[in-house]
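Quick heads-up: structures coming right below.
Each of the next two complexes has chain A plus one more chain, namely chain B in the first and chain C in the second.
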Partner chain A sequence: MLGPADWVIWMLGTLFEAAVVVCALHRKSLRRYFFLNLYMLFSVFVSLGRFQVLLHSGRSSVEYRYFYFYSDALLTIVLYFALISLYLLVFQELHVERYLRMGAVLLLAGTAWFSYAVVSQSSHRMLTHFAFELSQNLYFVGMVLTYVLWGAILKLRETRALLVQLVLSLGVYFSTFAASYAMSNLRPDLFSHITYLFPIVACLLPLSWAYGFWRVAEDARIVPARLAVVPR
Partner chain B sequence: MSRKLTVILPALLVLVGAMSLKTIATAHGNGQIVIANGPAPVPTPWNNGPAPVPTPWKNGPAPVPTPWK
Partner chain C sequence: MMAGIILVCSVVLFLQFFVFYCRSLIAVSSKQVLSPEVQDVTGISRTASGEDFARVMQLLQLCPERPEDRKSIQAIGAYFSLLNFLRSTIARMVPSMRVWTESERGHCAYFAAVALERRISFSRDMLVQQMDA
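And then the complex of A and B:
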């Protein structure tokens, strides 16, 4: 049974996700950040779908589980491509798009292969577990890629404020996910205390992106290298 | 050829790093799953629930033997 806090967080998150697309449309950034907006648009539709399934079947129903985990795998793949599109923007002046795309496809294929190798040894519900395992593994791959991208931003002295904000928001999102994941595995007794942590962060990511699209001008500049402590 | 190899190497490094991180995070775990896209409530994970196997993944009514034993 869902409590009022669950409903409020869910509805707010969905509203913020829709706000990202609206703000990007308003600032005419939809094409430039196409995959980011596609991810948010998918998230809105998935939220509506989950809401529908939850109302009809209940939270512990098989239908909700299937819908939830399959849609989660789909969203994670779109999020992966959104992250790769940020790579393309950061590295666009180096003209290495072809190699980035090739690397992204290889990495996705490698993650899929690894996920298959894991579930093929231990599961009779192969497809379901594969979707689930792929989703989890892509999260970790996304986290590592975000940190690598942040390193590249510092190294290349990237100054586009909107791009920096989008990447940093994603970094906080993935880091919180990893922290809550590790904590729930290492200390399962603490899990009940962080139940709301990840849904709240899932609300903050679209809020941050929406704020970025709404308030930060495309030509605004920042010096992220100053944020890093570099020993001289 | 060498350029293609320089694409493969970082991809492999990222994959190995990510899977190592996941292994470290789940080394002492009980299979608890909290990963989710979006703020929707997470259903009970498959491995913690007694949910019946849905029809498409059932291969007949016979009991499934334990593999590899």
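And then the complex of A and C:
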């Protein structure tokens, strides 16, 4: 049975995801941030699918867990490409798109191979564990790549406020998920307690992106170096 | 061991991204000039101090909520709490940190004042729409 918390989390998450696409459409930023919006659109469909499974089988069911982690692996791959599209925007003027795309595909293949190598040694239900392992590793890779991108933004003196906010909120999202996965690896007994944490954290990214598309003007500028100033 | 390292890295990077994200929200709003009436109500003209934050937040809660700015206000509220924590711990020992936390707290108060301005104009628009209807 679905509790009120399940309803609220599902409803808010799906609404925020749809809101990103609507806000981007309203601001005519859909094409510019195509992969980000594609990810949000996929997320809406996956949310609907998860809801169906949740309704029929419940949150603690094996079916829900299977559906959750398989769909999460797919979504993480799309989010990875959304991150690469932000790289392409930041490095637009350096004309290195070809190398970035090639590097991104190689890194994704390397992560998939590493995940396969890890699960092939220790698992009999390989495909399920592969999906979990791939998601977990991609969150970590995503977090590191976002940090590198933030470094590039500082170095290249990128000033587009919307782009900066999109990258930083993506960093918050990736690092929260990477920490949650690491925590559930360290203490597997905590997994049942943090099942609510994943969908709650998943609401934060669409919310911050929707806010960015809605409130931050395309031509708004900030100086990222000033955001990173800390006292010594 | 590996999971522990990943957890520590993730938490450190999360804190960094969270702080930078909050500061980017503040930076975007800091360019907005407050209207004379909001300056009168809040007592903030150009620069705000951290002490104004609680008062401006109370004023914010008196206005009807706008769904699109709710979470950013909560994020800044969490950032303000983090700054208060730093102010009462590390900043006591590092004077430059104390100056920095004070200035950041002031920026948070200014952000809240800008949000107040938006909520007031939102309420006004709603009132006009109701009167028209």
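The definition used in the following text is that the second predicted complex is superposed on the first by the 201 of 232 C-alpha atoms of A that agree within 3 Å, B and C clash if a C-alpha of one lies under 4 Å from a C-alpha of the other, contacts with A are read in each partner's own complex, and residues count from 1 in each chain.
Heads up, the rule we're going with is that a residue touches a chain if its C-beta (ideal position, glycine included) is under 8 Å from a C-beta of that chain, and two chains touch if they have at least 3 such contacts.
Fair warning: this is a prediction, and the values are worked out from it, not measured in the lab.
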{"item": "Which of chain B and chain C A:L163 touches, first, second, both or neither", "value": "neither"}
{"item": "Contacts of A:I222 with chain B and chain C, given as first, second, both or neither", "value": "second"}
{"item": "First, second, both or neither for A:F140, with chain B first and chain C second", "value": "both"}
{"item": "Partner chain(s) touched by A:T176 [first = chain B, second = chain C, both, neither]", "value": "second"}
{"item": "Partner chain in contact with A:L186 - chain B first, chain C second, else both or neither", "value": "both"}
{"item": "First, second, both or neither for A:W150, with chain B first and chain C second", "value": "second"}
{"item": "If touched residues of chain A are counted for chain B and for chain C, the larger one", "value": "B"}
{"item": "First, second, both or neither for A:A24, with chain B first and chain C second", "value": "neither"}
{"item": "Touching partner for A:Y211 - first (chain B), second (chain C), both, neither", "value": "second"}
{"item": "Residues of chain A that lie at the interface with chain B and also at the interface with chain C", "value": "140, 143, 178, 181-182, 185-186"}
{"item": "Chain B residues touching chain A - in the complex, by the definition given at the top", "value": "3-4, 6-8, 10-12, 14-15, 17-19, 21-22, 24-30, 32-44, 46, 49, 51-54, 57, 64"}
{"item": "Residues on chain A engaged by chain B in the complex (per definition of touch)", "value": "2, 6, 9-10, 12-14, 17, 43, 46-47, 50-51, 54, 59-60, 62, 64-66, 68-69, 71-72, 75-76, 79, 99, 102-103, 106-107, 110-111, 114, 124-129, 132, 135-137, 139-141, 143-145, 148, 177-178, 180-182, 184-186, 188, 191, 194, 198-200, 202-203"}
{"item": "Contacting residues of chain A [partner chain C, same complex]", "value": "140, 143, 146-147, 150, 161, 164-165, 168-169, 171-172, 175-176, 178-179, 181-183, 185-186, 204, 207-208, 210-211, 214-216, 220, 222-224, 226-228, 230-232"}
{"item": "In the complex with chain A, residue positions of chain C that touch it", "value": "3-4, 6-7, 9-11, 13-14, 16-18, 20-21, 23-25, 27-28, 68-69, 71-72, 94, 96-97, 99-100"}
